[in-house]
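What follows is a set of structures for review.
Each of the next two complexes has chain A plus one more chain, namely chain B in the first and chain C in the second.
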Partner chain A sequence: MSAPVRKKFFVGTAGIILFLSIAVLVVFVAFPVVLILFNAFWTKGAFNLVDVAAVLREPDTYQALLNSVFIAGGTTIGSTIIGTFFAWLVTRTDLPYKNFMKGMFLVPFMLPSFIGALAWKMLLSPRAGYINRLFMDYFGFDGPVFNIYSYYGIMAVEVMYLFPFVFIQVCGALERMDPTLEESARISGAGLFTITRRITIPLVLPSILSGALLIMLYSMAHFGTVAVLGIENGIFNIPTLIYERIHQSAGSFAAIRTGTVLATVLVVSAAFIIWLQGKVLGKGRYQIIAGKSFRPMELKLRGLRYPLLILCLAYIGFTIVLPTVVIFMVGGLKTYGLPFTMENLSLDNYKFILFDYKTTKDAIWNSVSLGLSAAVITMFAGVMISYVIVKMKVRGKGILEFLGMLPFSVPGSVIALGVILAWSGKFGVNLYNTVWIILVAYIARYMAFSLKANSAALEQVHDSLIEAARACGASMWQSLRDIVLPLVRPGMFAAFFLIFLPSLRELTVSIMLYAPTTRTIGVAIYTLNEDGETVMSAALAGIALVIIITGQTLITGLTGASVKAK
Partner chain B sequence: MPHVRLVNVTKRFGTVTAVDNLNFTIEKGECFSMLGPSGCGKTTTLRMVAGFENMDDGEVYVGDRLLSSPAKNFYLPPEKRDFGMVFQAFAVWPHLSVYENVAFPLRIRKVNSAELHKRVTDALTATNLLDSASASPDDLSGGGKQRVALARALAINPDVMLLDEPLSSLDPHLREEMRFEIKALQRRYGFCIIYVTHDQSEAMALSDRILVMRGGVAQQIDSPLNIYANPANRFVFSFIGLSNFLEVHKANNAYRLAGGDCLPEGLAPPPALAGHERLSLASRPAEIEFSDAPNVLRGQVARKAYLGETIDYLVKLGEQSLRVQKARHSPGPEQGTNCGLLLLRPTWYA
Partner chain C sequence: MRFLICLLFTGMVFGPAFPAYAAEKLIVYTSMKESLIGKLRDGFVKKHLGIAMDYQSAGAGKLMAKIAAERESGTVLADVVWTSEVPDFYNMKNEGLLAEYASPMLAEILNPLDENVKGFFTPARLGTLGIAINTRFVKTPPAQWADLTQKEYQGAFGIANPSLSGTSYMSVALLVKQFGWTFIEKLRDNKAKIGKGSGQVIDDTASGDLVASLAVDYITNDKIAKGATLALVYPPEMLVVPSPVAIIKTSPNMNAAKKFVDFLLSKEGQTIIAGEGTLPVRADVTVPEAFKLPKPDDAMKRAIKIDYLQIIKEKENTVKKFSEILQGKS
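So, the complex of A and B:
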């Protein structure tokens, strides 16, 4: 009669894991979000919609809402067009150096957009921007050619950093698409143009839309670019207004009200976009992937081959190389505004920032230690939660599945606000003004990445592998340790780096939570720039870029090597 | 006058010659199959006929119309060739209904709507799809999808139909059924078929003639019966059906099995091959009799297995062995016993 005993033990351990998983998600994600909703809708001891409407009708709030939608809309349309076009170009034409181009178009994924915004501010701010000055000083223009402190400036910069979302989705769809779908249209008598219009585009439309919605989601809740470029001209979107209010009147009732109501709007729209994306992908995802296939048709660009190559190179040069170079150059200047001559340029700023300047030294240390801790904690929590969701059959899993969706739809500024509400002493723990509150927020913010990477890895582990181990007499713990963990290790590595690298450049959450001694790299770059320390800000941004790019290269090398080793 | 003509067609991929100087012709209404192991160039040939692959040399004609000729720098793109084509992975468009899938080639040709409706309905009726006309192809089974692909190819009433392993994504049962449907459609519409497969029973059942290929080179073009009964070379013999090969050496004017006895009297290569020292003696397992006569091969039954309708014997002849298959009821030696073997149709290859 040993079987029933083991069964009971099994339910017991499963129960513990389930409970722990739910607890993690509740404490880190659900609780802060619930607090936000509660604060938004519960005033003067009652459920109160009128008040919410009143807050939304305030001119500033209303304008911020409109701005968020407008900027996100423009960014989405622009990114979708550019992303789809480049994806088509590198997958379906005989453009020279296609693989190199493809790699380059993915580089913006690595670069933090607020550093990009900083660079574009240096290049195109109306009076001091280098490009504007060039045109005014040498070509006799009366005013600036382009004012980056504008809606279109913000959209343009966001497009530069967000279009890879569409690009990568559409590239994937076009590469994996069964070429005979197009060939059968050809043999039916259709020319390339008709095929593109009536077959190819409709078939990749779900991928285009899903990428577009991702950009929409991101842009609605995006802080950095709008903060760097918008505030000058009074352009606020939802996250920047939340920041502005909370920052100006730390903890005042009115600020918290506005903040929570705006955060609610963000959560609701994020949930809506994610739901829409599920619809698009669920219903519209056609089975267009074939097992065995030839290479797809390639359009011969003929005379357009080199003009389009030049267009791509110009795009890459203008949106990736130029801003990066400007950051490093300005970071080397003695004072902002001096011309770039040899005697004005040096490495002094970089040395100062790395070795002598306490603020930036602290910031680098904070970011690295926060990033490491958040990555390790979130990685392990993610494995556990994903394991329950993907592999375990226990009652109560439904709650966990719902909670597991939550991290995907909670934008950074919402998390920051929720964390302030939850951990400022009202519930017995006060982490405010310490690094711990940032850590807690990072864990909530990056949980989605970890869940995604780990559940993808776990789905690869077929149930029969675990069952085989159990059949060989392994206990549940033994089968976890000896079979599951080794198999999901790649997923855990992926989760670790998916968290560690972005956290090094995190701005949205940290800017709402930092105290004088707990600046992160992102916060330090941002505040130095706000304080007019443009060269220091640029130098730190340059160092951040070096760290990020080195890290990314190392990881690509490592994972590439481990893939080969298999 | 033959309908489809390939003249000296050659295709290279880098250093690989995928199709080497291929010549064949197909009559109107004929079903012509290309058969061969994986990578022998069947698909490449078909795609050159369709126009998806450029060729390096040679010419392709349909009727007296030239389709491609690198020498004359002429190439008609696939969309101008008016063929019907069906692919292995169905390739029906999931974003269009069954009806619109079939209507697509007609819409491209700007056929007026009354005529279009009639022809689509015809094609759907012929393929038993009329009830699913408004369905999405994704809701159909594999067989259903393949019928949509057929109907779409039929819609323009082509006189050449290209099929690249159209049945290999279906389960075996459905495969046999569809085979006969394709044949019935061919009789009804009268198109000629170029059919690519590596399933020999499919090729045998469908075709008027079969081309057996190996490494891009044509081995034999013949009727299914002749391909089986009179294989042109050792490769064709081994590729079609089950086969046995015994290695035979000539020493001191006597023929001896490699690692075994001398051959019995009367079992000798034809005079044309008499000059060779090393020969192979080919036979089919079903064309071997057990015999007690004096002048036969002698061996020992190493394995006897019942395969339902047949009994399969493995007979050791010194170091070599032969497979023999007999009907279930026929008497035969037991495992471990010695036996005599009479080859009914011994075939020799150098």
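So, the complex of A and C:
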């Protein structure tokens, strides 16, 4: 008698978890995306492709599409070359201070690229940029050395802050690569060039490609850099065009429609990129890894050791130290355009921003609380959903697997537009112009991170542990609470921080959703810059950098300590 | 661990909370910068001890979007609105959003607005736009608008993007009205630039990225006060854009709202406004000498006349045509 009852109970709990998981993904992710597609293709009560084509053929939209592809393409190529080269240098050569260098190359990950763009604007704007001025005033140049307000300027800045995507992937692949493959080639008499061409490159190619595709995806949908450096010269990409259109017409239907069509293009290209990446990686996993603990052979750089070290240091100095210093210095100026002398520099702006300026105080508070809330909610939702996908065997899981892929392929600007459509009163709930709409968007945006971290952790929990608990009479809930959750806690922690830190510097989503009191740090920096408060914007950017880097260091320390404790 | 989780939950619960408003609190939505509205608040609450006041300072577009969303949800939080976007006030009046209040101060002020909006919204400040020049690069200030088409300003004169800034749109529309589209085309031939916000073009001028820009008075004066090498000059045909103030019809604090409008238009309030480097609407208040602003009545005489209804109607086309010309598409 009791067995069927227990079974029913099991189905009940599982059913609830499944239902909740599907509900979360549908409400937060699928619904807004479906609304975008619906609004793009469905006009005047009928399916309408002609209008979509018309929107895409408009010179402005067409140009923005081309720009997005062109900028993303250039950024991807540049980042791939730089990322692969440095990855090779720090893993497979005898470069001095390799570990330190490796850490330094990861720093750009923490730096928001739009803050980088602001810094480079200060350094390389055509007439007033400090570097350009230096060359014009002291070296007799007629014109600027480099104009940052250009396609190449935008690409260069994006490369500087995005190349770690490739760097990390390739480092990982090179470190885990089975060195016996190379050794056997060497024993068989192959030269270095042949080994590199026939063994090494094919082995790491999937990682390179996967990193490159990530960059492509990111760059196509990236708002900040293009907004800071492009708009002035009429260079728009898809997200900046959506932003301008919606801003221009205060949310009129035509603007939203153009937005939805452009967003659809982003979704489709993102889905394609993700699919491609899946294919590439699927192949790669099969080939690469035979996790042996041999140290791969290191190439002796000989005479090039120190020149290459200097190159690395120069690169880091130029792309990380210089922009950061400029941000802090400009943040200390009384007003933009003054020379850096002692009498012009002070900490007044920093004090003002932290203690007196309502806008920035609100922004810091908003970002921190939004980040915490989004991270906590998304962390728990992510555990639940990953659990269903990885561990449970129930009917309807297929839908969830499909839905679970969605967050990975929906870019930020699309999410922002989607939540405007979904939560501005048309369906009974009006969150527009409140912090809640940003929170909803953050949950959708960062769900992918949480799913990734949590499913990785869950995959390591062997089913036998849960089965053992269940066999000893524990209920499903008990086995979850006492076995699964404690074991996946590191994954949950990882998810939390993977969400909390990036959300502190988020711009792409919140720029579309903010209201006067709901500016985030990113929005405040951007709008202060737009309003011509360059020094305030730089000072806030400096403070944001301090918060982010402190956070990152604390977390590395904390997680490092907890790993050691185990 | 437990503690950490508790901490996180507390953050989650109390995190995205709305600012709580007391019932007797006056709320002003304004696009004026914080230092100006802050000083006005201090002056106002000192005079009317029973009334507390809070404000939201943001771009006019953002504030209107917020009001629109608040109307959708049933209650408009603002009691008083004060921005530089005159067209918004016409729209709000047409939609029946504004209370009619004839302030006793009305007779004493300079009012460039139409007779038939009187009582619904009243200018509380006259915004002027001039040409900000970087004195390191421009030695002889431009005397005429036409000077901007000379070689000295080639590739280095900026106008804020009229689709992002209402003030910028207004000035573009007025310049087109006065000098025709050929003036904009000549600017294009001289490689004039579209900047972003109306403040940013001024900062770009201060840094030397531009040598001159179409500039709002108080932003420029603020930077000059901080030591920027800028000067603000006014050609004979002036761009004067009033910033109206209005009371929201549904305001639960009608009494306080009326007192605030009176205060704003009073000699006391206008003196604070003048002290921040922007033109008062009263002829009996003088702007501190250091700002080198024209006298309010003089500015009114030199101003290019504005037909608001036409300007509202033509906004989309004007912005589009302007961007197309300057970005070299026509």
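Simple rule for what comes next: the second predicted complex is superposed on the first by the 559 of 566 C-alpha atoms of A that agree within 3 Å, B and C clash if a C-alpha of one lies under 4 Å from a C-alpha of the other, contacts with A are read in each partner's own complex, and residues count from 1 in each chain.
The criterion applied here is as follows: a contact is a pair of C-beta atoms (placed from the backbone, for glycine too) under 8 Å apart; a residue touches a chain by one contact, two chains touch by 3 or more.
This is a predicted model, so every value here is computed, not measured.
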Of the partners chain B and chain C, which touch A:Y357 in the superposed model: first, second, both, neither?
second
After superposition on the shared chain, which partner residues are touched by A:F70: those of chain B (first), chain C (second), both, or neither?
neither
In the superposed model, does chain B or chain C contact more residues of chain A?
C
Once the shared chain is lined up, is A:F380 touching chain B (first), chain C (second), both, or neither of them?
neither
Between chain B (first) and chain C (second), which, if any, makes contact with A:F272: first, second, both or neither?
neither
Of the partners chain B and chain C, which touch A:T517 in the superposed model: first, second, both, neither?
second
Chain A partner contacts - residues on chain B that touch it in the complex:
47, 50, 52, 77-85, 87-89, 91-95, 104-105, 108-109, 138, 149, 152-153, 156, 162
Enumerate the contact residues on chain A facing chain B in the complex.
178, 180-181, 183-191, 194, 198-199, 202-203, 205, 286-288, 290-294
Residue positions on chain A within touch of chain C in the complex are 59, 125-129, 133, 231-232, 234, 244, 247-251, 334-338, 344, 357-359, 366, 368-370, 372-373, 375-377, 424-425, 430, 432-436, 438-439, 496, 514-517, 527, 529-534
Touching chain A in the complex: which residues of chain C?
8-9, 11-12, 14-16, 18-19, 29, 34, 56-59, 61-66, 68-70, 72-73, 134, 156, 161, 163-164, 193-204, 206-210, 219, 223, 226-229, 316, 319, 327, 329
